[in-house]
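Two complexes follow with chain A in common, the first pairing it with chain B and the second with chain C.
Right, the complex of A and B next:
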């Protein structure tokens, strides 16, 4: 009987082969956080200074914070895409009906096939900013980056459930484009990646509070702001992320079962 | 078939397609805008508090301008990939209808996308400013600037579309140019505020002149050239790109009738 481990192993093999044959992709993953931070600092410097930024956000090392936030943004984005694109690309290729008819439950396939990328991509993007972290903050910077990686991987658990929900929605929409293209930046926008959540309209603040990325950013901000953040403060985002992990994955498993039944009835192509 | 009936049929085609792909329209309208907003909101945190209101207003109008240019140019020139590969160009020519008449009406889709994106942007950044950001100080100058921008974008989109019938337009290259415009095109910041090396580039970008008109009309920000000079240069540039579009289209139609298209049918 095929289990989730087989699906995970197959997808892990596919991802490793894909990275091995796309060395340019690994290189761009290393460069991308620096390009994003460079663009933001360049744009911001047209109207102000990085000192103003540090003061407004409340961090001691704004460059370090911007780099960690960018890594969180990229990792979250890639986690959402790895799950949603699995559904969409297989629909485009015409292989989705076969996947839905396979003996493994669709929920298991969606989650297990998204997991390898959800682990590999944050690790690569976090590794890319290690040199900058060591340069900016020395050994403490390296340790902080490890803490950011741990939080990103922890935040991945509710995010996978969230991505399965988005993937289920994609199965219903018979459009030519990837609707997740709009969901991923929206998630980042309402998570306050580069700015405090309070500057957004209230409706979006509420949406942001329901998303795991908000708490991952919050924890990263605490790590960036203090050498040893107060445990009590750090525990709050951790508790919320734990609750969201149960919440999102429970809802996802219910929704995807319904989506699977509906899609089998209606057809998926 | 009369020209009027042909035009009516083309308008109907675009409106029908717009409605059929309404979710994709929303998706396309918002995805790029959301990325820009993500960076813009971060960049606004660099601004000192006392200049925040003015900067937010300038940034808002910068996004409005970029949306008009980006959507109109992309949705005319980028659409040809689909238009050519499905064999629709030949279909229109056989029906004695210029394929460029179809492309000329593509700004309907582009401006619909811009409208959605601008409404969303306004909703997000309006709260950041203490002054109203969507109020025009000089409505006539603002309208004139927007019309220049639409006319220039349509002409440039048509030139790129016509060229793509023969040589292909590298999508990634257009995308990079598109984002470069945001900073060096004098869209997100007034030309007078740009560093010297960026200003030297901005004066060669046609969109930077109507952009100054729009900023003056919307926020009252003094342009780097006198108003009459700006209007004259914008008019001249607008006529020049429109004329160039007309010449390239006529040449390409002639070329396609003699030699056929680069892409035939579905690829």
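Right, the complex of A and C next:
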């Protein structure tokens, strides 16, 4: 009997083969956060010094803060992409019908197939800044990065449900251009990654509060910006993330069966 | 014995959009299937033939549970495609297009392993099955097992596609144009395999094809589908009989005892069918008799009687049948299919 574990194992196998056969991808994943921070620092220095930025944001080590924020942003994006793009990319490749021919429910295929990439890619991205964290903040920096990874992976749970919803909608709309590419920066914009949520218009703040990435960012920032964050402050995003996990995944599991039938009636596959 | 595939009055409609100008689109209802019915037995190769847009792929997708019909019923391996899709998927192997459907940066073996895992194969059982299929489909001997899929030729891709369909050794194979674009030797190899699966392993094979030769060679029965309707179904011989309006008899005889013009006159007098005569390079007499259906035996006996009275020995008698292509063109032409309309425009 085929189960979600078989689907998960198959996708994990494919992802490992993919990285093994495309070694430059691992290299670029490691280099990318540094390039991004270099660009941000360069651009930021035009409007003031890095010390000035540290003072305004209220962090002790601005470079470390920027690195970890970049990694949080990229990891959250990669999680959203790995699930939303799953259906689209496989449709482009012509592999989607064959994947859906696996004798398990489509919900299971969508979720279990997105998970390996949703774990592997953030892990690689977070691992890439471990050397910098050790250099900038010593062992404490390394531990903070591991805590950030744990938060990002925890935050993945509601993101999977959210991404399944977006992915199903894209498939149903028969949209070949990846709307996820447009949605992702918007998600980042309202999640308060590089600046506080409070400065956004009220409507966007409300959207931000409904998004799991906001809480991942908040928790990860607390860890990366302060040596010993207040547990009380840290618990709030964790509780909200737990609630969102239930919410999004419940909605996704209710919607996807209907979405599957609609897609199969429409003849999109 | 239960049927491998049972299709009853399948109906499928799509909404399609036609572009009208820069921003306007017109909604069009397309009836892809209009009450299609047929069945396929175990151990049988069943061909679904039809012009482009006739409804072949829609039928295949419904039977593979990738599409839900609007009306009608379809059962595969005893399971309803709408009510028990997982059970149907468990019992089928499918190829939809041979030129894509795999991961480009994975090798053939890695691709097969991935799809094998998706179907519940694991460990040693998976490795053995992948090796077995690589050998069976000749991918091993072509040195293709450990090549990236992007480096595969079309023939190799078709073989890998068939290998994927066979991963779990399913009792029913649903193949959408499995030899499309292949070179003759690859196509022949795949046909040979398909016949083996049906004859020796008792698998039911439903294949769609445009290749009339292929259908004639391997299909036990064929259905011709046009504009969403099955317009003919039966064995190739039955279909030929159904559309044939005349029979051509070719007779080879020893050399003519009299001048050809005189012989022609004698034929005119004694044979009621339409006859033409000629002498070939070896000086043998070639006679072609065109008869209406049901009159061929009479005409043949008249020819034989005349020749024997002239002391001419008959070497060979052949009945020239219409090809399946003739049948296909005759049937779809009558209904004015898209292909024929195009032919007429040209």
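In the analysis below, the second predicted complex is superposed on the first by the 256 of 269 C-alpha atoms of A that agree within 3 Å, B and C clash if a C-alpha of one lies under 4 Å from a C-alpha of the other, contacts with A are read in each partner's own complex, and residues count from 1 in each chain.
Note that a residue touches a chain if its C-beta (ideal position, glycine included) is under 8 Å from a C-beta of that chain, and two chains touch if they have at least 3 such contacts.
Computed from a predicted structure; not experimentally measured.
Touch criterion met: A:2 reaches chain C, while chain B stays clear of it. In the superposed model, A:97 makes contact with chain C only, not with chain B.
Of the two partner chains placed around the shared chain by superposition, neither chain B nor chain C is touched by A:143. Of the two partner chains, chain B is the only one touched by A:199; chain C is not.
Shared-chain residue A:134: touches no atom of chain B or chain C. Interface residues of chain C facing chain A in the complex, by the touch rule stated above, are 12, 14-15, 58, 61, 64-68, 70, 86-87, 89-90, 92, 94, 96-97, 100-107, 110, 113-115, 117-120, 122, 148, 164. Taken together, the chain B residues at the contact with chain A in this complex read 21, 23-24, 26-28, 30-31, 34-35, 37-48, 51, 55, 123-124, 127-128, 183, 188-189, 193-194. Within the complex, the chain A residues that touch chain B are 39-40, 42-50, 52-53, 56-57, 66, 73, 173, 175-179, 181-182, 185-186, 188-189, 193-195, 199-201, 204. Contact residues on chain A toward chain C in their complex (touch as defined above): 1-3, 6-7, 9-10, 13-14, 17-18, 21-22, 93-95, 97-105, 261, 264-267, 269.
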